[in-house]
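Chain lettering (A, B, C and D) follows the sequence in which the chains are written, and residue indices restart at 1 in each chain.
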Amino acid sequence: MCRLAAYLGEPLFLEELIAKPRHSLMRQSLRAEEAKIVTNGDGFGIGWYGEREQPGVYREVMPAWSDDNLLALSQTLSSRLFFAHVRAATAGGIARQNCHPFRWGRYLFMHNGQIGGYPLLRRSLEAQLPDELYGERRGGTDSELLFLLMLARMQAGTPAQDAVLQVLDETLALMRERSITAPLRFAAVLADGERLHAFRIASDAQPPTLYLRRCETGTIIASEPLCEDEPGWQMLPDGAVVTVEAGAAGVQMRRHEVGVTV
Amino acid sequence: MCRLAAYLGEPLFLEELIAKPRHSLMRQSLRAEEAKIVTNGDGFGIGWYGEREQPGVYREVMPAWSDDNLLALSQTLSSRLFFAHVRAATAGGIARQNCHPFRWGRYLFMHNGQIGGYPLLRRSLEAQLPDELYGERRGGTDSELLFLLMLARMQAGTPAQDAVLQVLDETLALMRERSITAPLRFAAVLADGERLHAFRIASDAQPPTLYLRRCETGTIIASEPLCEDEPGWQMLPDGAVVTVEAGAAGVQMRRHEVGVTV
Amino acid sequence: MCRLAAYLGEPLFLEELIAKPRHSLMRQSLRAEEAKIVTNGDGFGIGWYGEREQPGVYREVMPAWSDDNLLALSQTLSSRLFFAHVRAATAGGIARQNCHPFRWGRYLFMHNGQIGGYPLLRRSLEAQLPDELYGERRGGTDSELLFLLMLARMQAGTPAQDAVLQVLDETLALMRERSITAPLRFAAVLADGERLHAFRIASDAQPPTLYLRRCETGTIIASEPLCEDEPGWQMLPDGAVVTVEAGAAGVQMRRHEVGVTV
Amino acid sequence: MCRLAAYLGEPLFLEELIAKPRHSLMRQSLRAEEAKIVTNGDGFGIGWYGEREQPGVYREVMPAWSDDNLLALSQTLSSRLFFAHVRAATAGGIARQNCHPFRWGRYLFMHNGQIGGYPLLRRSLEAQLPDELYGERRGGTDSELLFLLMLARMQAGTPAQDAVLQVLDETLALMRERSITAPLRFAAVLADGERLHAFRIASDAQPPTLYLRRCETGTIIASEPLCEDEPGWQMLPDGAVVTVEAGAAGVQMRRHEVGVTV
């Protein structure tokens, strides 16, 4: 159960989300408030879009709260679309390869949640990967695998949002087939440099928290409000699928039913 | 405000203090209970005496809770006298050089506490170091400096315990001279391979917690009981100066008044 | 192309191989002499058997030459059977999970070499793993995968040496089936706490160097002589399969033909 | 003996110096050609000026050649004035605090060289620091100390170039006073966001190499030509003191005699 934050809008220094707010992501790494796991000290990462199509990334195994490089980068980098993530390891050991966000070409992905019974499913899920993505696995997390599965669909022409939902649905189908009762929980953000897609979905109606806030300069998605007495933080409903587009007036939201079995 | 544990007695695998107890030092790194700072994730270290006079040390900037090397070492190393320390950084950045225990020849030292007004005192304290120790400063902590000041006295023939108390008294005198009101707090352990000296001292009568337990195989000193329903954990009184000797029947305790000014 | 060293005999401090010799493994990390890649600075690892069945391991992503912890451990740990390895990354990124030796239960394994065309073979090789080992992959190296494939055979009752050779033969068969012409090269050591098996094998008759030396206290296997003017360093012949047993008078050697195709 | 590179001119992606050239700084970290120490794998750092007065910095203890973050940052960051440095440790252990460039306010400094007899001089040199800079020492290198000594003079109003030369002269005077015969060698770059000052000076007429090249977009200073068959690389003469200014047509060079004693 990690914590994450993303931004799309007018260029903003990363520190505005990562370091400055009273409940910034650096502070959430030390003490999260709406997560089962309070400490998110098993590495972190940032990703940001700049002048080029491919985004920059910086991922490290140290806790975010104590990393001087993160502080210096967040004070210097300004970006119109960026990600930040602090990790509490569930599957996969402590390694940069297991830190979010994951990058592939112009895509960034980060995730808070888990695939129930992942060790039992890993082989079947990896078998779905096409050859050219199979060899791209660097670490051992379910999150990296979900991202590669989405990429496979996107490379085949499926729009990003549908690709994500298809992967979730098929993973859930596999879980049911194997009679896995542990839930699939998924709060995640995917971006391609122009658009940002956020998801708050779970098979047991208990997805990890995910909030949205429209501020003056753009839109923020975050696991927890970055400042509790700031107005406008709106918890996304269970099943929410949100798209934020550069230059668009509002955000689009729809609901996705992953079919909670009773 | 860090957390620490030390052991002297029959050889014991380090995991018995570091990894196995319900409230082991690895768990205290994630969630301490009697410290102002709950998370002690700014590095850690272990030190142990083996076949040679010089002890081994392993210090790392990652949190103790997630370090596979620490777990493997603690399961493999058995020692009659060992130290373990998890750090919550106050003075000095995140670096191995700032992690405890500090080693010099056959000595090990670790510390939980602080010198009030350290930035104002650092120059005067460093000026007290003899030339051969001056260049030995590797990091930026008050703890390393205290250790070097003790070593200077021990090298001049002062017994270990007296050396520690002299350094505390002189540091406190300097603090008073400079009208520093922030307290000097000192819970620490020093060892030479045969003896272990523990200290729980503060200028404001609020030293960090330090417990002692006599178990079947030896003596444990720890910031917090390693298992709350284990009998025999005894909080050391304010001002306690304890010596545990290999092969001796009990422990020796005396009190040291650092002169609380009212 | 990494460098490695192993020892079996009377207990010896690890520094005797790792730090003290003129051409010790720590020095080889900075400047190897018989390897295509001079610098082996992409992490390192040690493994050693002590009082327990399971060996200790310490693996780190820093270069061996500059790691204070490695120096301190090698000066303090003495063992009758230990491994040391310095890495020059070919497959798999820089991560502890990709550092040798790999440990499983009482087994240690380390490797210098490569599987030709590994990215093309990875899926087929992983598919051979039984379920209980499939989920154990932590990193992305061919070496870890070879080790898991060996373990699968050993768990099914195949003797260690045969398990290794079967994996090599089957991997090579797969390479031929896929018309991969890049060679399989394999200089490796496997141990179970009592026995040490060393291999110097290649499909193109150019296996990485591997030397053996019988010293007063035991037997050393190393990629390069640890001291060039020390007598008794013997290059193992191409195809060599060596077993060294605790307490046995000599070493056993046989040859394994991997079938060089002309 | 480290390797360094700096740039001032039209905004350029850092990879143009750090990653792309045939003899880029990342390659020099693995194999320098004009340095006594071939491998510069004891950490590295970059610094760059962006939209704000204070520059960004990223410093890490891993070798530059294997750091994914460095590669990603250098591909994403573009800057009109930036520094890069790879370290071969001489004084001071492996720690981020000992990596160059050092930053203070709007200043960046990096250095290749050494103060002869530094352990004997450290106390006297540190004693020269004013109180507000004394406590700023984070690591143990002579380079950090030289930078703080320069800052003390700059804060007192001395122009940057003069501050550097005064510190060198006074350090050399101290060395002579103590009859230290080991040389002072100094190839370094200092910047304030607008200007870049480069120095190639030694007390024994053997300063570390330092080259200058005027390219289409600006000026490059580097320990070694980044591409050997690129025209225009000019070795700075012994004693060279160079200033490059944003927007200025050429570079200014003068000579500084540090008084080679015969």
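In this text, a residue touches a chain if its C-beta (ideal position, glycine included) is under 8 Å from a C-beta of that chain, and two chains touch if they have at least 3 such contacts.
In UniProt terms the chains read A, B, C, D = Class II glutamine amidotransferase.
It should be emphasised that the depicted structure is a prediction, and the values quoted were computed from it without experimental measurement.
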Interface composition of copies chain B and chain C: same or different, split at half: same
Separation of the C-alpha centres, chain A versus chain B, in whole Å, is 41
Where does chain A touch two or more other chains at once, residue-wise? 68, 93-94, 96
Indicate which of the five shapes (line, ring, star, complete, other) describes how the chains touch one another. complete
Can you name the residues of chain D that touch chain A in the complex? 48, 50-52, 54-60, 68-69, 72-73, 75-78, 96, 103
If we count contacts the way the header does, which residues on chain C are in touch with chain A in the complex? 92-97, 119, 122-123, 126, 131, 134-135, 137-140
For the chain B and chain A complex, residues of the former touching the latter: 30-31, 38-39, 41-42, 61-63, 65-68, 89, 93-94
